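Multiple structures are listed underneath, in structure tokens.
Each of the next two complexes has subunit A plus one other chain: subunit B in the first, subunit C in the second.
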Partner chain A sequence: MYGKRLRTLALTTFAALTLTLVLAFFWAPNDADQGFLQKIFYIHVPLAIVTLCGFIYGGVAAIAHLRTHDSRWDMRSYVAIHLSLVFGVGVLITGSIWAKGSWGVWWDWSEPTLVSFLLIMLLYATYQPLRFAIEDPERQARYASVFAITAGAFVPINFVIVRLSTAYLHPRVLGNVSANLPGRFQVVFYLSLVSIALLWITLWRYEMTSKHASAQLRALRRLLAGEDEEQLPRRSAVPTLSLETASAGSAEGGGGAR
Partner chain B sequence: MSAPGAAVAPRTHVVLAALLRKELRVELRSFEAVPAMSLFSVTTFVLFHFALSRNTLSGDLASGVLWVTLLFAAMLGINRLFVADAEQGGFDGFLLSPADRSALLYAKALTLLAYLVVLELVAVPAFALLLLGPALWPALPGLLVVLALGDLGVVVIGTLVGALAVRTSVRDLLGPMISLPLLVPVLLCAARASSPVLAATRAGPLPLRWLVTLALYDLVFGLITFAVFDFLLED
Partner chain C sequence: MIPLHDAVPYVAAAYTVFFALILLYLAIMSGKLGRIERELGELTELAARRGAGAGDRDEP
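Moving on to the complex of A and B:
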């Protein structure tokens, strides 16, 4: 079900990203203060926004999982958080490069967005170890959802608190996006936001498709080998999709219930 | 207790009292949490003395050292909070009883709060004796307010994370790893709020802004803990 029209989506994403990069480098004017370096803004800021939205979506999917006990929601939450972690590493790296370029240091504690982002990454870095440390798949899913909800709520709150604690020492590009940026900057920024969001969605759907396919494969293998041949699943941080859920996703109601 | 059904489901405060008596008895018999936490805090002050090579501290540095020490000592308590229940069937016994599940949350939160209060009864005088430059008495009223709000934050996050980590295979590692990032805002607000109180020249007023932020953080995470705690018990 996640594989449908995936190729079209992937091609659209590719085209949008290419267009964004072309426009960012050749059409948008160079920044008066920062010059060419400011181009990293078109990658860094949308990447950060998409990452945080991914974490929050992970929390929302976790709420749905706790309400429905459907393991597909746990898988959605898992894939979202997993993907946002990868994107988040990209945010920290591009942020560091930008900081080095414009302020001369790799890390700047007076930049509240960067600091709160680091905190969020440190928190989410414990998501996979937490899952891996719980063997029972059903309990693993439930505990991971509790974590995802708590951490998802932490994301916006943490931003507010860290920002309160820091004086605005540096000019902040993001704050000016809607107000002061000339038209071309704005167009490229929003285009970039859309194409990076598309990239996230494409990768999310690819991973969901792959996870569903391997769950189905496992189920078919088990069917072929017979029930007595069933081997214990290896200990893993990846959510377990049960057979009913895996088969075309047409199970009646709570397909995830065992 | 007029309806016949009421006898089956005991009232929350009755369950709560029973649970608290149990926690007290367990702690008095085993002495597993509170003595370790208190001793740890005093040892940490000694460590800070040598690490910073300072005989007295004041202001920012004093409040930072105090709060980091309290937080790390609290980690020990958070790690122990649910261990007896997970290892010796306390969870199973509780879940078999018809009691309201949030009673366990309240009991554990109050237990952790009691741990922290006893810890601070030892740690704060020890800090004043060993490291604090300015006198403790003028700073005490302000410090107590910050301690109360900070404790509340540690309690709501510690209870949730303690329950989350206890039934994993590496609970001693996961507990601090998950709770420390969540406690950074508590540390931030509490340390900023208590630093003018501990200032070298003379105790300044409490910065209300930080206290309000801390109280809001406590409230929000209290609600989150209340909302999700039941799911950790469902087996």
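Moving on to the complex of A and C:
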């Protein structure tokens, strides 16, 4: 049942991404200032928005973990942060390519949006090493949740601070939508945002399914090997799920990933 | 306005990076899926051996 839903979601994502690409290149006109280079924004900006939302979701899931002590929430938070880091790398690279084309430089340290995003990425780059440094799974999950909440709260604060800063060099896509994104630009931009968000959700569910299957297999292996051979799991940054928890998660549909 | 012939390589590079990143992620996940499949095979074998062992003990 769960696999069928994932397949439907994956097909919807594929269709949405294809439509976005077709509209972006063959329907939306070239920007008066940026020209064809502006097409980069249809992936760069939605990627950035979805990345930041993913980090915030990681924090929300971490709050749920601390409240319920249910390790499935820790897994949700872990996968969200992990996936957002991958998307964040895409944001940094596509942003640099755009900067080179538009400004003539790959990076500008005086530009607050770029530097603040890099800071967020560096902050989250410490998440996996933090988890790996703690051997006890319960303590690891607790500390990681505290980190995810703190860092998740930093994301919107950082966003507001950058908006309030006066040295604007970076184009504002969502600052004043009606003024900055007329007609077809707006349609394609929002479609692109939906497509990238769907992509994030699909990959998140895909990874959740994989993690739950691995957890179930590990637990089954321990069961089949017998109680005497039961060992502590080897040190890993990945959250630990018991057989009951993993089974419950799968029954829910990949840890509630409906 | 930035000329089209100047902008095309940058746009192509950005979209290539995006799709390459997604494909790389999927390739890594496929590797993990392969490992799960292998482990599942081992567990099935282990369960079958246990089943056969239990059957031998039940026989008079």
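Convention: the second predicted complex is superposed on the first by the 228 of 258 C-alpha atoms of A that agree within 3 Å, B and C clash if a C-alpha of one lies under 4 Å from a C-alpha of the other, contacts with A are read in each partner's own complex, and residues count from 1 in each chain.
Methods note: contacts are C-beta pairs under 8 Å (C-beta built on N, C-alpha and C of every residue); 3 or more make two chains touch, one makes a residue touch a chain.
Remember, predicted model here, so these are calculated numbers, not experimental data.
Visitor: More subunit A residues touched by subunit B or by subunit C?
Guide: With both complexes superposed on chain A, more residues of subunit A are touched by C.
Visitor: One more residue to check, A:44. First (subunit B), second (subunit C), both or neither?
Guide: After superposing on A, A:44 lies in contact with subunit C but is clear of subunit B.
Visitor: Applying the touch criterion given at the start, work out whether A:34 contacts subunit B, subunit C, both or neither, answering first, second, both or neither.
Guide: second
Visitor: Which partner chains sit in contact with A:86 here, subunit B, subunit C, both or neither? Use first/second/both/neither.
Guide: After superposition on chain A, A:86 lies in contact with subunit C alone.
Visitor: Does subunit B (first) or subunit C (second) touch A:94, or do both, or does neither?
Guide: It touches subunit C, and subunit B stays clear.
Visitor: Per the contact definition in the header, classify A:203: touching subunit B only (first), subunit C only (second), both, or neither.
Guide: Only subunit C; A:203 stays clear of subunit B.
Visitor: Taking the superposition as given, does A:221 touch the first partner, subunit B, the second, subunit C, both, or neither?
Guide: So A:221 only meets subunit C here.
Visitor: Could you pull out which subunit C residues touch subunit A in their complex?
Guide: Residue list for subunit C touching subunit A: 1-4, 6-8, 10-11, 13-15, 17-18, 21-22, 25, 29, 32-33, 35-36, 39-40, 43, 46-47, 50.
Visitor: Looking at the complex, which residues from subunit A come into contact with subunit B?
Guide: On the subunit A side, the touching residues are 66, 119-120, 122-123, 126, 129-130, 133-135, 139, 142-143, 145-147, 149-150, 153-154, 157-158, 161-162, 164-165.
Visitor: In the complex, go through subunit B and note every residue touching subunit A.
Guide: On the subunit B side, the touching residues are 160, 164-165, 167-171, 173-174, 177-178, 180-182, 184-185, 188-189, 192, 209, 213, 217, 220-221, 224, 227-228, 231-232, 234-235.
Visitor: Enumerate the contact residues on subunit A facing subunit C in the complex.
Guide: Interface residues on the subunit A side: 30-37, 39-40, 43-44, 47, 86, 89-90, 93-94, 97-98, 100-102, 199, 203, 206-207, 210, 213-214, 217, 220-221, 224-225.
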